[in-house]
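Note that the chains are named A, B, C, D, E and F in the order they appear, and that numbering of residues resets to 1 at the start of each chain.
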Amino acid sequence: MNIGAPRQPGPEPRVGVTPEIAQRYVEDGHTVQVESGAGEAAGLPDEAFREAGCEMVGSAWEADVVVTVGPPGDAEVSRLTPGARLLGLLRPLEEPEAMRRLAESGVTAIAFETLPRTTRAQSMDALSSQATLAGYQMVLEAASRLPRIFPMMVTAAGTIRPATVVVLGCGVAGLQAIATARRLGAVVRGYDVRASAAEQVLSLGASFIEIDVTPQDSSASGGYARPLSDGDGTRLLDGLAPHLAAADVVITAAAIPGRPAPTLISAEAVSGMRPGSVIVDGTAERGGNCVLTVADQVVRAGGVTVVGPTGLEARAAADASSTFARNAYELFSYLYDAEIAGADDEIRTGVTITRGGEVVHPEVLARIDAAQMDAMT
Amino acid sequence: MNIGAPRQPGPEPRVGVTPEIAQRYVEDGHTVQVESGAGEAAGLPDEAFREAGCEMVGSAWEADVVVTVGPPGDAEVSRLTPGARLLGLLRPLEEPEAMRRLAESGVTAIAFETLPRTTRAQSMDALSSQATLAGYQMVLEAASRLPRIFPMMVTAAGTIRPATVVVLGCGVAGLQAIATARRLGAVVRGYDVRASAAEQVLSLGASFIEIDVTPQDSSASGGYARPLSDGDGTRLLDGLAPHLAAADVVITAAAIPGRPAPTLISAEAVSGMRPGSVIVDGTAERGGNCVLTVADQVVRAGGVTVVGPTGLEARAAADASSTFARNAYELFSYLYDAEIAGADDEIRTGVTITRGGEVVHPEVLARIDAAQMDAMT
Amino acid sequence: MTLAVGITVFVLAAFVGFEVITKVPPQLHTPLMSGSNAISGITVIGAVLVAGQGGLLAGILGFLAVTFATINVVGGFLVTDRMLEMFGTRRRPARRNPG
Amino acid sequence: MTLAVGITVFVLAAFVGFEVITKVPPQLHTPLMSGSNAISGITVIGAVLVAGQGGLLAGILGFLAVTFATINVVGGFLVTDRMLEMFGTRRRPARRNPG
Amino acid sequence: MSEAASTLLYLAAAALFIVGLRRLSSPVTARSGNLMGAVGMLIAIVVTLLRSGIVDYTLIVAGLLVGGTAGTILARRVAMTGIPQLVAAFNGFGGAASGMVAAAEFVADGSSTTETAVTITLSCALGLATFTGSFVAFGKLQGLIPGRPLLFKGQMVFDSALAAAVVGSGIWMASSGNRSALWLLIALAALLGVTRTLPIGGADMPVIVAFLNSMSGLAAASTGFVIGSEALIISGALVGASGLVLTAIMSRAMNRSLANVLFAAFGGDDESQPEGIGGGPVRRATVDDAAVTLAYARSVIVVPGYGLAVSQAQYGARDLTDRLAGRGVKVRYAIHPVAGRMPGHMNVLLAEADVPYAQLLDLDEINDDFPRTDVALVVGANDVVNPAARDDASSPIYGMPILDVDRAGAVIVVKRSLSPGFAGIDNPLFYRDTTLMLFSDAKAALESLARAVQTA
Amino acid sequence: MSEAASTLLYLAAAALFIVGLRRLSSPVTARSGNLMGAVGMLIAIVVTLLRSGIVDYTLIVAGLLVGGTAGTILARRVAMTGIPQLVAAFNGFGGAASGMVAAAEFVADGSSTTETAVTITLSCALGLATFTGSFVAFGKLQGLIPGRPLLFKGQMVFDSALAAAVVGSGIWMASSGNRSALWLLIALAALLGVTRTLPIGGADMPVIVAFLNSMSGLAAASTGFVIGSEALIISGALVGASGLVLTAIMSRAMNRSLANVLFAAFGGDDESQPEGIGGGPVRRATVDDAAVTLAYARSVIVVPGYGLAVSQAQYGARDLTDRLAGRGVKVRYAIHPVAGRMPGHMNVLLAEADVPYAQLLDLDEINDDFPRTDVALVVGANDVVNPAARDDASSPIYGMPILDVDRAGAVIVVKRSLSPGFAGIDNPLFYRDTTLMLFSDAKAALESLARAVQTA
């Protein structure tokens, strides 16, 4: 097949195929078309692609299989060939309408976001690989903004106490943030609604904040969390407040797939925090875990700095591209093999959003229906 | 005495007295005047100073003892009372002319830069305390700019190899950079001309780059390095180049007091580096260890990013202020006690630049003379 | 030898036996057992005395006893040695490895 | 008791003595020395026999021997106990300390 | 030879036994220790042959030749795997010999004093019970008799009655001097040896053989009293006592008490073997077993998993591998891409303990090395070493790459139980022949292993 | 009492001695071990008193009363610091008693057989040499005799001649049965005891006392042969052998061989004590000494310095403190602001080894705790614990705040030599009475300490 790696629209520096991975496609008997300059921002010059056996083209959106990172804009969708496969982080649950349009243009859309979180599927799990990098970057962001340093230091000019970092939402990103902050020497506490998160937080040498709320079956649902009831939500906010007041840095990464990020930090909680402290909200794109978060802006509330950086995973563009490309390769190969074998399984049904001109993913369909109901009433 | 902590001119966020230290001055029987808003940028509201027993004033430059962080501008100098003492990082060797002007205005200028580097004097050593913070910040700067992450990670999406960090100049800042980069998981190599630096680098778990240049008596001179001969300089450049080519991050902090920073990275060496790699030059203010460095600008050379951030120590303004204030307190108290005892010692002669209307520090005097010679010829 | 002296000797030897084996690594359990088993074949000297003193029934018993005890002694030491030999080839002198 | 048996007993007891002391921590060197010193006062039983058998010179020697040996025995055990007592108060039961 | 000289030479032999035994308990000196024992034995035999009182050498020489030849052949021929049963058999012969000497003494002289009566009874009873018991053990080890505990209802009562009957026949023999009493005594003791050994499980046989060894030593000592031989008393007491200590050490190594081993089949077995979903039997290792396996390996690969993180065992791991490396063992860590619960989980931990990067290898780099590796040490990992992912197409994790630890010479798995990992599926690795399970918290296990490796 | 009964009771006493001795070698059981020894002794004495053959109890009772009272008073009254010399004195009395018993036997019966002659000679020689040797040791320990080696030219020859003369007078005594020979023998042996002990240095006295103890045991055993008492033979052999082992252990703890201790004053002393700039003598510790000091402390403060960083000993430090904490010792780290070579150097290292922040205290927080701390363990630090900075106004670092480790109950300093630190000045701490110097690379030292603490 002909695999295409287009240059991403917007500020996205990542690319869906790296020279290393391109070589594997080629070894598997495919051809790879890379849009000229697609890898530049990730430190991958055209030269490297060419050496790996890729064809450098003016536009790669016309290929049989298009590996994109983020969702394509309208302009890009129009360049896709009907019958082509589009692989990427397509935001199917957030933008079900866009999926309908993809279906209409006859494209088979394959989204990483709806991959089941099984052991077998981990090598294809781009959410995890990118979240890992985001978690690391959140800590760098916080450390750069904090007017203090993270580690404890006993020096001739006095003792600098270690910074206290609170991490809310200990999924992949949160756990990596915990690990990174610990490495830098901070005292770290983590919180998550999932019961199994406690052990995971402890396994990184951090402590866990115990708050007595029982989420609605939150460990289930393919490894993703579920929302809390209203009462529990308030209790959670209240329970977290004293921990936030004692923190120098708060990093949030609590999310529920396909829904706005749960609110974990109220304006009052922020005003109770120490002057100089920093909140890095990793969920700004989904509305933020902190009510004051504004995506990509620095908000100052009292002495507290609240930032909601987006595109965190893209900062380490080289590593982000190489891990993403590897995930895409694994997913593509898996589906390709399954297709040849005529097999249909959990993974394939999970990731396939549109096929044969139709939206086929039940959850996306449900969202489209819900949106239509909303529009009608 | 009346101690004054003025608001700093320019973008300087640090302040020379913190509430904690103000309390000590007060306990010692002094009064402390703090300029309103002086601590704001370091997260120290006026309220906190007031609680610590300070008098909040509109201008603190008129006090008996003025604790400044950086050198005062002309406007500030004119506000100083004759006979007053001015304590701070005054850049006496870099700006001997300014010292002459301070002497003329009858101010006793006391500079941290010329403090002898003895064990006894360490609690007063503001260069060290600030360099420590700068070393930490250099690593954060590099990590944020690198399109890769520092630690090794074996993940389902491939193995991310650890970043290689080379630190040139392993004084206080360089050593702290080594420690911080190691904490983040990088593979770190250090280089310094001082022979004793090798053991120090190893003591932090990093490896040392051996290059056969013998600096002119470089361990002597009160703990500071001396320049290299020309031949050695070139040999050094050549010797470092292969190590730079293998690095993802280069952090430089090589300095010789009162002189421009030695050149350690040539343009060719930069062009030999990997695309995507980052050079953080901590000596931009003194001309930089890398020839491409431009202070406070991001220079891209090939795929390499060269940054020369200034004011690094000021980034952790809270910790920087508290350690600086502690150093200043220790120095002031030491001099005050010595004055009462009528004693004159190494520390006192070391730091006193001007006294009784004269420049008294021999090295500064020598520079003034040299400048006048230059001007005459 | 009086009984009291015999008991004295027995008790002292038992003390030695208790003390002599302190902390045996598990891989030596079998060889050690086998080796001490061979020593328990010391009864061969009693058997020799019995077999040598004449008399039919005693003679038969003595002959059997000598035979049995000798199997125990000879076989025991040999098989122990075989075990330890095998063990010796697996063990190399410990050398220091930096880092 | 024949000499040979005496030697047997001596050798076995010596083996026990060699084996019984394995690895003594240094703080027990003095108490152990003092305790075993008290045991060497066992010669008191010989002294008692000598002192009790009559005769002038033997009597004097015997009396002295009993006195000396008793000093060794009584003083030895008591002083050892004093040492160990002091040691005991310093030692508390080990308890687990988290972290 | 004078009485005194022979006594002293016997003493020299005994001294050689003592020193030999002591040397046998350390790997470095063991072989010379065995040799010293053999030399001691030679001295003892030669001295005996030279003693006055021997009227006829024929039977002696015949016995020595037959026994020596048989012993040599048996010891040479046996396969390595057959050694435990051979030791059991040898031991049985020794016990029988002691009993026979005592019996012959009775036949020749009768039981003159109470003392003689008691010691002859003891010798015969201990000797014959050892004889039959050892051969039951032999049968179990050789697979001739089923390894599982064989017992019948009321056996405890039966055995007690049997023991009482042995004592009774001893009293009868002493009081009457009747030979029939002797034969009865012998028969009953032999029967007791059988009934007391059959109920003991095959896995416990090594402990039982050690115990029977101790008994044959006591039989020899008792025979020493019968024939008035200090050499026998000393050597017998030595073997009796050291054998008992060894028995205790061995049962402790199995986490059992001696009483538990001897009577386990009767009382409730308080030790519950953890059962996996698959339910098969597993080979359970003690820390000492595992330590020796590691310490004497040429190369070891450590596979860390989530359990290592949970118990924060990274420092213990590093300590262990440092010490192994110090012994000259080649040590590496194999990092599986999804080990732990977040990407890079193992890296974070091992970096914390400053395990050198050079020792960390990822799956692709190390997987081919397992067949050339002596021991794979799996610490709190489960799914990532599950061969089902490779071999069993019906497994939900089929197709996931795994670390091929099962291809290493031996596998030691440290985890707390047989419960499954994240994927919730059973792991056939645990039930393999080459796998030793060390059930323990990872941190505790690694710390004890590090200590044990030091002294192994 | 029958002969057999008394023999068995003596055996019981000997068994109590054996078990008692064994228990004495572990801190936990030592006190009960001593008690067992005392009970054994009581049994032996009572059995002896009840034996036939005693015609007159007057002298016996008198001796027991006088000796018992004297022993009790001495043992009660002595100050703790006087115990070593008291033990030496007791030992001397024991040796003398053995010699006297043998002498009395000679006086009463003469030397009937070669055997008796040899054993009487041995008893007298060993007993009297022990007597005088012990009192010389007493004098040295008590400070009555100078502690330094006292010897004259040609002493080695003189001593050898003396020893030969002892043997000669023994032969004379045996052949002639002449009492004068006995007195000569005794006099010569007593003299030999003095001349062999005087040349040994005061610091080696504990080893010598242990050696003399072993000799008094042998004297008792030899007396046992003289009077035909198994109890004496067993107990004497026991003490003789265990005393010898103990002597060897003690000299090993001092890094010396026994021969080196005994003859060091004659040969060249091959052991060169490192000399500081100050040149004073230092107290040098072995790892075992240090480990015991730490293991039995209530509270320990670790002071890390640049040397810890240089040798990368942070993991060893943590391992050691973890194990100490596991034994219930309160452990903290005192971080001096300028320890190491860059601000926060120690923090970086200790964080790397994951030492809990709660255990790290800075100078201001911990300095007042040193007087309440049993042991301060200084690892590769020097300037930051130099009391000259506090006490000596002429010191270049005068006025720098230091960690007051010298105020702790004991200080253990781990460094490679007495060479100075960064500031280049000597450190009076090293020469203090309460300071033990453990000369070693920090990493090696901490790792061995961690191991040793485990078994202490």
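Just so it is clear, a contact is a pair of C-beta atoms (placed from the backbone, for glycine too) under 8 Å apart; a residue touches a chain by one contact, two chains touch by 3 or more.
Model, not experiment: these values are computed from the prediction.
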Shared chain contacts [chain B and chain D, defined touch]:
E, F
Most remote chain w.r.t. Chain C, using mean C-alpha positions, is B
Report same or different for the chain C and chain D interface, where same means the shared residue numbers exceed half of all residue numbers found there.
same
Work out the mean Cα position per chain and let me know which chain is farthest from chain F.
A
Measuring from the mean C-alpha position of chain C to the mean C-alpha position of chain D, what distance in angstrom results?
34
As a quick test, compute the distance in whole Å between the mean CA positions of chain D and chain F.
16
In whole angstrom, the CA-centroid distance of chain B from chain C equals 78
Report, in whole Å, the distance between the mean C-alpha point of chain A and the mean C-alpha point of chain B.
39
Interface hub residues of chain C, defined as touching at least two other chains
1, 3, 5, 8-9, 11-13, 15-16, 19-20, 22
Do you know which chain E residues sit against two or more other chains?
14, 18, 22, 230, 234, 337-338, 343-344, 348, 351-352, 354
Interface hub residues of chain A, defined as touching at least two other chains:
122-123, 128-129, 132, 151, 153, 155-158, 160, 183, 185, 205
Among all the chains shown, which pairs meet the touch rule set out at the top?
A-B, A-E, A-F, B-E, B-F, C-D, C-E, C-F, D-E, D-F, E-F
Residue set of chain B touching chain F in the complex reads 118-120, 122-123, 128-129, 132, 172, 175-176, 179, 182-183, 199-200, 202-205
Of all residues in chain F, which touch chain A in the complex?
335-339, 343-344, 346-348, 351, 354, 357, 360, 362-364
Interface with chain E, chain B side, in the complex: residues 151-160, 162, 185, 187, 205
Listed in rising order, the residues of chain C that touch chain D in the complex are 1, 5, 8-9, 12-13, 15-16, 19-20, 22
Residue ranges of chain F touching chain C (in the complex, touch as defined)
3-4, 7-8, 11, 14-15, 18, 22, 230, 234
